[in-house]
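Below: a set of structures, written as structure tokens.
Look for chain A in each of the two complexes below; its partner is chain B in the first and chain C in the second.
Showing the complex of A and B:
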């Protein structure tokens, strides 16, 4: 498909049509927080967002979800309702979309497919919104991504000036979202020129560069280094870096007693918590912040690379923005390389 | 939906208290459905997740033999701070719990690595469980002739802490297996061997020729038994051990049991001593 153009004022009409078939999730702003939420009308969308506070990964891997309850009869009943209607995530940022490619490797692996994740993933289309205002904490271009990255997207939209978006289909399903009667026009030469210009300008705005070359190998060598004694000192172990990370996927299975019986709940967990690896005997293989910080860094930049061929980081910068003691993963990477 | 995480219901048919301290029990479980029972095919060395409603799940090594096809057995030590182990220990016969699995890799019993070889098994404390599964399997008339000499060295802190007592006696009395049973400290009735596992190993000095070792025990025992094993000429790739870590999923997703890039649940729990040496963390 050639690139299409849609006027901003027409967006509502198109989304309204899509809303008949899909549940549409888009960035909204409430109480000063931007997050993805189902919308009824395009008016609810907060377009002026840089990125959502929480990552949209929880639409596939919720922070907490009931997997099933006991007794068994109720299990069968719940099974139907994981995703009652197909969804579109509208205006997901390319970095967050790319993180799903990494999560797919874990949850949709050959040996064990996680049915909760896979069903949500298969029932969801991703309409990306290219990032034209990267933040100082962004470093996507160092992580094999970029503000216009198309990985995992069905459609990519780019804001071209004040009045219109350019829309590019990435998959056939994405292409099918644009019907004959929808308010689109073919993009013209000048639109494409403008696209190229915006793209170049935006990529240049991602000032922060992290050199990843040689990092995995370097980490192999410094497992026992005193470096880790130093690096964790500031860390409070609050785990916000893992909770807001778009690629972190550790979880716990817990039982919760409710009136009707017991439900087994899956909740996000974090390698930054002492209880994460604490065994019944009292033994804890990751006994202090030193081991836990090392685990987090090693998992992202060494173990994940060994297992899946990619770094478990998309450079979204949320861990940098939200760390209460200003720990910056870019500085850690830099320090590791100088070790 | 077919949830990977949903345990299959089982009845606790029998509970045996294994030790004097009464904090080690063997639970004999029977699947409620024939289909679940037939689907649960495992090999010695694997584990399963045991569920008690409301208390959660924990990974436990399978203590029965794959040829014990009517039931599954798990031997569990209770820890005061362990939610699941405490819940298991307060169960009565006839209770219903859940089992999910089997998971993990296993001892290479059906490959050239072990077949036709002498098998030495070294166990300490209640970590003896998957070795007990293996002994039962190897001694079965279907299997015994596929292996050469079978030697077992098993130690516990005191005579009262030895588990599977009636089976130990049976194995000592029958042919086809050489048993060395030892305790760290004896009592007035104990007439058997006294000594720590590594020391007894040095003393009885089993031949390493054409021999594969399986060793399971507390980390401290593993550590101090490796040296005499290597001195006796066992090569690290012929020594198999089983590691433990806290787990939630058992299938390589929840992210907590890794040692380096390996997941104990999926890439283990069975590792050769050579593999352990290659892991970045001190695994033992």
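Showing the complex of A and C:
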């Protein structure tokens, strides 16, 4: 498909038009944190971001949601309309978009189709913003991704210098977003040359490399290794790494009492919490942080690979940046291989 | 290398060689610029990994409850106060730990650095004397460390460890701080304003429980938020429940919290808990004349009764 060019000063006009049909979510900055939030005007967007603090996964798989409620014996109603208006997530990073391809395998497969997730997913368009400032903790290129990866995107935008973006349609729906009367021009040869240059330069900036080859097989062999005794020691057992992870998707189903009755609620859960595997008998098969951290690593780099053929990690580096005790998944992977 | 870092390595090495301890818990260089992290050392030759600088932000006393060996632990002023608390509350035995005290001029708040960098990534940081050089893409600036101090350190009155077996370097001077000025200013605001502040802060909470898990004083085998029979606390992050969690945690650590600031520092969502914790500390001091973690003998105010305890609340 043909690439287009939009001047930065025209962005507001375009988004304003899209805003009539869609609810637009974009990165905003508040309290020193960047996160995705509905916007009314392009002026609210914080463009100067490396990546958002929380991933946009909660727009599809919220931290907590009511699945249905029941006042007495009978189930009264399924959840109301899940998504009242179609959405655009504007300026999502390619790593976060790719994580949705992984979540799709869990929530939208032949075996199981989660209506809550699927409705949100189908009602949301993804306008990606190529990541031209990858961080030193980013390792997307080792995880079958990259700063210009198009997986799951409808449009990919690339900042070309100070005044314009190149916009590439990835899907037909994406193409429809950049209609005839919008402020777009066809990209010229020099724009494409510039794009190739920026892309090459950016990919070179992703310095962290993690070699995944042989990792899954190695993990098969070290389940009982003393390695795990050492690796978990500094872990606090909090849920920062799992809750800020763009691919972690474990949840708990609980009934909560409200004035009108009872709600069946699905909430994020974390394998790092003791209660995650606490059984009704009181027995807990994952008795300490040792087993819990092993589970996190095994799920991402072994079980998920066995189930879906890919690692449950996109290399966004959030767990590295945000861990209060600087547990670094890149080091863990390295150490597993040397084990 | 700073003098007391060298000394720290020597002392730790000797403790392991002499088998006075089985394990040293200290800090090592982290994998990100200006980061350090907790480290666990059992072999004498590994003590060269130990570092001591203004980024040793974790309160290591948290780990005492996780180990069963005889431990040598690196402790700043606040950490030593947490250790005093743990000994008093029979969580650790004094004879099982060897405290390597380090006088601490204050820890750098990495969130302040993030604010200064305004979206850029910190690529390199160099600490020298009282200054720190920050490098990012198209950015280079040298700042006074004083300006980057964490709020808890700015108001700290115990820069020197209160309890130790050996001290690295000499005790440092204790500046007179206006310890409660920000808390008093906040307390003087209208209650709706304060309520709005607490609502705003806790609305960002994602309930990762890092604040609780990092806290040396939070060692309940099962936290009330995790109980399911009965359920006190919904999984749905209703703001009211989230507020209750933070308030109950504050009350539960009243007279025990040493204001090390670890809970605020670990929060990924920048939820500031200082106004709750510091105010409670102030109240305990004013009501009971008690300061947590400064004395091994004095009975904790919440675990004792004195005939002259204030009881104005009884109408």
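Everything that follows uses one rule, which is that the second predicted complex is superposed on the first by the 330 of 339 C-alpha atoms of A that agree within 3 Å, B and C clash if a C-alpha of one lies under 4 Å from a C-alpha of the other, contacts with A are read in each partner's own complex, and residues count from 1 in each chain.
Keep in mind that, in the parts below, contacts are C-beta pairs under 8 Å (C-beta built on N, C-alpha and C of every residue); 3 or more make two chains touch, one makes a residue touch a chain.
None of these values were measured; they are calculated from a predicted model.
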Partner chain(s) touched by A:63 [first = chain B, second = chain C, both, neither]: second
Partner chain in contact with A:264 - chain B first, chain C second, else both or neither: first
Which of chain B and chain C A:31 touches, first, second, both or neither: second
First, second, both or neither for A:252, with chain B first and chain C second: both
Partner chain(s) touched by A:23 [first = chain B, second = chain C, both, neither]: neither
First (chain B), second (chain C), both or neither touched by A:220: first
Which of chain B and chain C A:303 touches, first, second, both or neither: first
Touched partner set for A:159, first chain B, second chain C, both or neither: neither
First, second, both or neither for A:277, with chain B first and chain C second: first
Chain A positions touched by chain B in one structure and by chain C in the second: 252, 254
Of chain B, residues touching chain A in the complex: 1-6, 9, 53-58, 79, 81-85, 244-246, 248-249, 251-261, 266, 280-281
Of all residues in chain C, those that touch chain A in their complex: 30-33, 35-40, 58, 62-63, 66, 111, 114-115, 118-121, 123, 137, 204, 206-210, 212-214, 222, 226, 228, 231, 234-237, 265-266, 268-270
Chain A residues within the chain B interface of the complex: 67-68, 70, 72, 75, 79, 82, 106-107, 109, 111-116, 119, 220, 223, 249-255, 257, 261-262, 264, 266, 269, 271, 276-282, 285, 295, 298-299, 302-303, 306-307
Chain C contact footprint on chain A (complex, rising order): 31-34, 46, 48-50, 53-54, 63-64, 66, 133, 135-137, 230, 233-234, 236-240, 243-244, 252, 254, 256, 265, 267, 270, 273-275, 320-322, 324-328, 330-331
